[in-house]
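Take a look at these structures.
Both complexes below contain chain A, partnered by chain B and then by chain C.
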Partner chain A sequence: MADSSIKDKIKYALLKGIDVSGFKVLDPPVRLAFGEEPQKQVRDIAKYMVLPILFVLACLGIWTVMGPNHKTKSGEVPTPAKILTAYEDNKRFDERQEEKASDFIVEGAEREATLAEAEAELARLEAEAARLGELSDEIAAAAKEQMDARIAPLRSELESLKAKHGELEDQREAEMTALAGKVAEKQAEPAELVAMVREHEKIEDAEGATEDVIESRIDEILANPPEEVKEAQMAANRVADEVQHYKKRIAILTNENRNVKEAEYLEKIAKDEAELAAATEPKKVIREAKSIARNAERAESATTQTYPRTATIFWQTKRSLATVFVGFLIAAALAIPIGIMCGLNRIVMACLTPIISIFRPVSPVVWLLIFQIIIGAFFPDPEKHPLFVSLNQDKWFGWLPNPVAFLQTNPAMIFSACTVAMCALWPALVNTALGVSSIDKDHMNVAKVLRLGFWSRLFKIVIPSSLPLVFAGLRISLGVGWMVLIAAEALSSSDGLGKFVWDEYQNGSSQSFANIILACFVVGIIGFFLDRIMIFLQRLVSFDDGSATA
Partner chain B sequence: MQFRNTILLAAIGIGSLHAEQLDVEKDELKFGFIKLTDCAPIVIAKEKGFFEEEGLQVEVIAQPNWKQLLDNVITGELDGAHMLSGQPIAATIGFGTKAHIVTPYTLDLNGNGITVSNAIWEQMQENDESLDTPTPEHPISADSLKPIVEEAKEDGKKLPMGMVFPVSTHNYEIRYWLAASDIHPGMYTSTDLKGFTDGDIELSTTPPPQMPATLESGKNVAYCVGEPWNQQAVAKGIGVPVTTNYDIWKNNPEKVFGVTRDWADENPNTLIAVTKALIKAGKWLDAEEDGKLVNREEACRILSQPNYVGADFDVIKNSMTGYFYFQKTDKRAMPDFNVFFKYQSSYPYYSDGVWFLTQMRRWGQITEPKPASWYHEVAKEVYLPEVYMAAAEHLIEEGFLEEDEVPAADFDGYKPATDEFIDGISYDGRKPIDYLNSHKIGNKDDASLASK
Partner chain C sequence: MSFLELDQVSVAFGPAGNRTEVLSDLNLKVAENEFVAVIGFSGSGKSTLINTLSGLEPPSTGEVRMAGRRVTGPGPDRGLMFQNYSLLPWLSVNENVALAVRTAFPRLSKAEVADKVAHYVRMVKLDHAGDKKPHELSGGMRQRASLARTLSLDPQVLLLDEPLSALDALTRSELQDQILNIWETDRRTVVMITNDVDEAVLMADRIIPLTMGPGATLAEEFAVNMARPRDRHTLNDHPEYMRLKSEITSFMMHLNKESKELTAGKVVPMPDIRPRDFSLPSATPRLKPRAQHPTSAA
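Entry: the complex of A and B
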């Protein structure tokens, strides 16, 4: 008996958790696991889990089949498999940054070991690159031969067609000249000649069209080399990229490494010190002393340097999340108090209505430009501004590691966040006002009877009873903010996923299309989780089951 | 003035600085660039460790367009950037955004092309039979384009064409090319800042990476842009490059490295150190062995990384390794398509600055007539050969450079007169007004200004 009640407790706790987090789809499997109405649960699972999964798989299948058939000038639409490859490539790109950053700081025996390893790897990769390069050339040559073989008959057909048309044309020209001669001698009607010229032009156009058909067939063969050529080339390119990366790694490990640099400066100091000791002229002494001081400063600054990393999709994602979070906080901090005031007081509402109505429909792009100009004025010299200095330094107060240093905060991030805030403000504000103004009259009357003060009325009655709607508003706000942010980043080239997408579009390489679709999924999945988090918070504060908002 | 003194001091101090890093004021720098292959010296200086050798930690950041790039340099978000030659000049004289920008280094020569859509190319071939072969003779002038422009005008249309920025080399080059064949490209006036006035065609601004897309959609029928966007049009089969700017003006200056005057004043040694690194990068890019550019393949590999130019390696390779595809079937050797260092090209010549000023006056971007002396003054405000020469002297001292690879110490900054233009008109940087008046189309000024 006790056993089953514990089981029930676990079951209901799980079901409650599922309910609050909004993943209702998991409900049947849990019930099934606890043996509740197995038949119904199996049916539900089939209906609400298996079918949707099959549907998504079917969509992926259609995509895989249809994608390669839609040829654009920027290459064909990438298949899901290509998106996965794009993800792997991006991951590798990120790892390379990581490797270079660690090569930059590694010291002593470990540096030498890494160097030896990198050199061995480079030798291997170079051999591999040479092999793949040759292979790719061979495949390309074979494909060219094959294509030439396909084109050759078309070419000769075109040639003979052209020759034939040329002959016919000469014939017609001769006829026309003959007729023209007659017209000149007034033996024929000019109208006849004009008709003949017209006819000639018509025939010429028709002949040109038949030639074009063959030409376009040749062009099509040329424009679509066999898939394996491209694949071989890409495989060779991938290894060649890796070779480049290892060359750079070795350069970092041998020259640019901060400990190597420090050692060099220390060596110079030692040399200068010896020269200073040997020097007799005051001028030389002071020069050496200056040199020592300078090199000492350099040696010290070398020890704290870090490798300037390149932005990767992973870093851009973190940065976008931070920006949307800041923007959302600003929006919430403004929207909730103003919304409450609007809800409580009809005069405030009347005053604010025109402002809300006019600014709400304004496009994020306009806000972006406005904020870009306004925010820029606050930071005439961003690098020295205390806000950014404190946000970007490695350690706070000299010892506390700064968790946000990696974000490299700059004015671009601030104005992107402000744009997000400006657009995310309205749903939260309007919903809060609605929530407050629709509080049950009885509650307010009770407050009056109890003679509650303004603050206790606010915190005991107004806020608690309007919370569900406030959170519903915040949820919409966050969704809007996330969408706006990506557009804002793309437009202003402020670091983040939007910039990633825009940069890829500008790159226009064979990988760009796949990367853009990859970013589309990253944005979508993150947006989904942000929404789920808000649903979760909303459910926590709701009195009802909140199913209406699921 | 104080700045020039500091440079002088730095130059005098060379003896003690042998193979020694300069005492830089700022060692962590951010440079901006636009995704074009001619940003190569900046990218190479970073990737090959030339900045490191000068004790500089540099971040290289892609910018969305030329305007934003300039704004970021002005606000201090960036320390310096890859700029169009016209940008520092225009900013300094206040056409567009006003700010005093200076340049100690010319990044490259040539490197642009004019591409027309397939339809226009077919019509050009119809107008000029000699073009109707897979390998027509170059240079191709706009003569065969003129009837097409006129036909469109009779239908009440002006052919839309694209260039990348109002003060870009591309704008002046496509205008020069059109005007050389008697097609009026339109004038800028104080009220028409788009430059459409009196034009036979309409030339508007499009960011480089979008050029192929506008050709495809018909928004433009021709454009002038840097690489890889001409080769991209060939690769995608949407257009035909008809000429490169090498044929319009042989070895014309293209991009510069720009910083603000204030930044240069605050960081004189840093600027010399940066220039040193750029010279090294330029020399590395132009290194030749048996007439082959030995380092270009590696440069293309680096540039094709997504955080730099990011286009496919093979597309970048086309033009960077000394070849150019005019059509898929027409690949030609163009060893000087990109010149980064040879011919003493990276020196910031006053005469280059004067040429851009004459073009700004010719097309009405400078609305008032100016005396010849003004042209020279502005060029001297913008171009900083003294910084370049200080950097070069350090490098000669350190054994990285030969003395004959840079102009002599007493060089006055003006290239000798040249007539290697598509229309054969001679240009002498010392005589801006005469040059302005030698063109048929465009503003002309009173000859008396030449001696003022």
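Entry: the complex of A and C
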């Protein structure tokens, strides 16, 4: 008995968690696992899990089949498999950045060890790259032979056709010249000659068209080398990329590493010091002293340097999340107090209604430009502005690791966040005002009978009773903010997922299209989880089973 | 000596040009520790009356006095128990009561507040459900929680606004007994609004009918001269109970009839119009003859 009651408790705790988090679809499997009405659960799983999964798979299938049929300027529409490859490549790109950054700061014996390892790996990769390169060349040669074999008959056909057409044309030209002679001697009607010329042009066009058909067939064969050629080429390229990466790593480990640099400067200082000690002329002494000072400064700055990473999609995602979070916080910090004031006082509401009505429909693009100008004026020299200096330094107070240093905060991030805030403000504000003004009259009567003061009325009655609607508004705000942010980043080249998409669109490499679609999924999945988090919070604060605000 | 007093009170709503007087010329004197029931039909202005007594609704003319002093607004000395419980849904039963205790007695320490809360929650027999939220409780339990909250203010006057009208008959009689028990052990002035004659006769010292609105006023009172405690099981054999019940009932029915007669002249005869048949003529033969148009028969 005790055992089954514990089991029941676990089951109901799990079901409650599923209910609160909003993943209702997991309900039947949990019930099935605890053996509750297995037939009904199996039916529910089939209806609400298996069918949707099959549907999504069907959509992916249609995409895989239809995608390659649509040729665009940026290549054909990538299939899901290519998106997955794009993800892998982006991940490897990110890892390489990580490796290079760590190579940049590693020191002492560890550096030597890493260098040795990298060199061994490079040797292996070079051999591999040579092998794959040869293989790819072989395959390409074989494919070319095959294609040549297919093209050769077409070519000879085209040649003979052209020769024939040339002959026929010469014949017609001769006839026309003869007729022209007659016309000149007034032995024939000019109309006859015109008709002949028109006829000649028609025939010429028709002949050109038949030639074009064959030519386009040849072009098609040339443009579509067999899949295995592309695959071999890509495999070879991938290893060649890796070779490049290891070459760069070795360069960093041997030359650019900040500790190596520091050692170099220290060595120079030692040499200068020796020369300074040996020097007798005041001029030389001062020159050496200057050189020592300069090198000391360089050595010092070398110790704090970090590797200048290139932005990867993962870093851009983190930055977008940080930006939307800041914007959302600004929006909430403004919307909730203003909304409460609007809901409590009809005069405040009347005063703010025109402002809300006019600014709410304004496009994010307009806000972006306005904030870009306004924020830009606050930070004429952002590199040296104390706000950004403190946000971007490695350590606070010299010891506390700065958790936001990696974001590389800049004015662009601030005005993107302000744009997000400006657009996300309205749903939260309107909902808060609605929540506060629609408080149950009976609850206000309770407050009156208890003679609650303004603040306890606010915190004990008004805010708790409007919280579900406030959170419903915040949820909409976060969704709006996330959408607005991506557009704002694309437009303003503020680092983030929006910029990633824009850059991919602009640089037009063979993988751009796949990367854009990958970013589309990243944005969508993150938006989904943000919404889930807000639903979860909303259910936590709602006091009537969450049914009223679901 | 009267403790709670209504002196020529009228209450009217609406804009100046079109005011509806809900209550007019009310005079009521309630002695200390007396249990008075006001009985009336729904819509006659009963809740307006209790709101006026509590101070939530200021009278348009006249004044409300308590212990000789004019009432200007609501306060915890007049504990109002609402018809629809009005518990704060985001607080548990204990927290709802604690909110009242803390505002009525701001000087109490945490432990003293907890003691007081526990005391009143036990008094209404809700100690097993103290941590439940209102939506997890039945109607009767909610009303008990509301009673505990009202009592915890330790008010000099209890104003009960149809406290039991939303409950089923069994829960209702159980709560009636509980309220009576509490009142008998800890006497205080009570004004109860009700629409149930039995309930009024069972519980009150005096019963005052409210005439039909608009412009409702208090009619001649009925004194209930029955010893307490009253036993509901033998009450039906009590001649005084039967007499009062039939007298009050017939008085109320008479009031109702009177008010209907008063409004009878206002009946507007409806024009005798039959709806026209706009349905399209059907080309296919019908199996059944078409039914008569429902409204034309009526």
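Definition applied: the second predicted complex is superposed on the first by the 534 of 550 C-alpha atoms of A that agree within 3 Å, B and C clash if a C-alpha of one lies under 4 Å from a C-alpha of the other, contacts with A are read in each partner's own complex, and residues count from 1 in each chain.
Please note the rule applied: a residue touches a chain if its C-beta (ideal position, glycine included) is under 8 Å from a C-beta of that chain, and two chains touch if they have at least 3 such contacts.
Keep in mind the model is a prediction, meaning the values are calculated, not measured.
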item	value
A:K318 touches, of chain B and chain C: first, second, both or neither?	neither
Partner chain in contact with A:S510 - chain B first, chain C second, else both or neither	first
Per-residue contact with chain A, leading partner among chain C and chain B	B
First, second, both or neither for A:H443, with chain B first and chain C second	second
Which superposed partner A:N410 touches (first chain B, second chain C, both, neither)	first
Which superposed partner A:R451 touches (first chain B, second chain C, both, neither)	second
Chain B versus chain C as contact partner of A:K11, first or second or both or neither	neither
First, second, both or neither for A:H200, with chain B first and chain C second	neither
Touched partner set for A:H165, first chain B, second chain C, both or neither	neither
Chain B and chain C footprints on chain A, overlapping residues	none
Touching residues (chain side chain A, partner chain B) in the complex	73-74, 93, 219, 222-223, 233, 237, 240-241, 244, 248, 251, 255-256, 287, 294, 298, 301, 305, 308, 310-311, 376, 379-383, 410-412, 491-493, 502-512, 515
Residue ranges of chain A in contact with chain C within the complex	440, 442-443, 445-446, 448-452, 456, 460-461, 464-465, 467, 543-545
Complex contact set, residues of chain B against chain A	16, 21, 23, 27-28, 35, 47-49, 52-53, 55, 57-59, 62-64, 68, 75-77, 209, 212, 216, 232, 236-238, 298, 301-302, 304-307, 309-315, 328
Touching residues (chain side chain C, partner chain A) in the complex	54, 56, 73-76, 78-80, 82, 84, 86, 88-91, 99-100, 103-104, 133, 135, 153
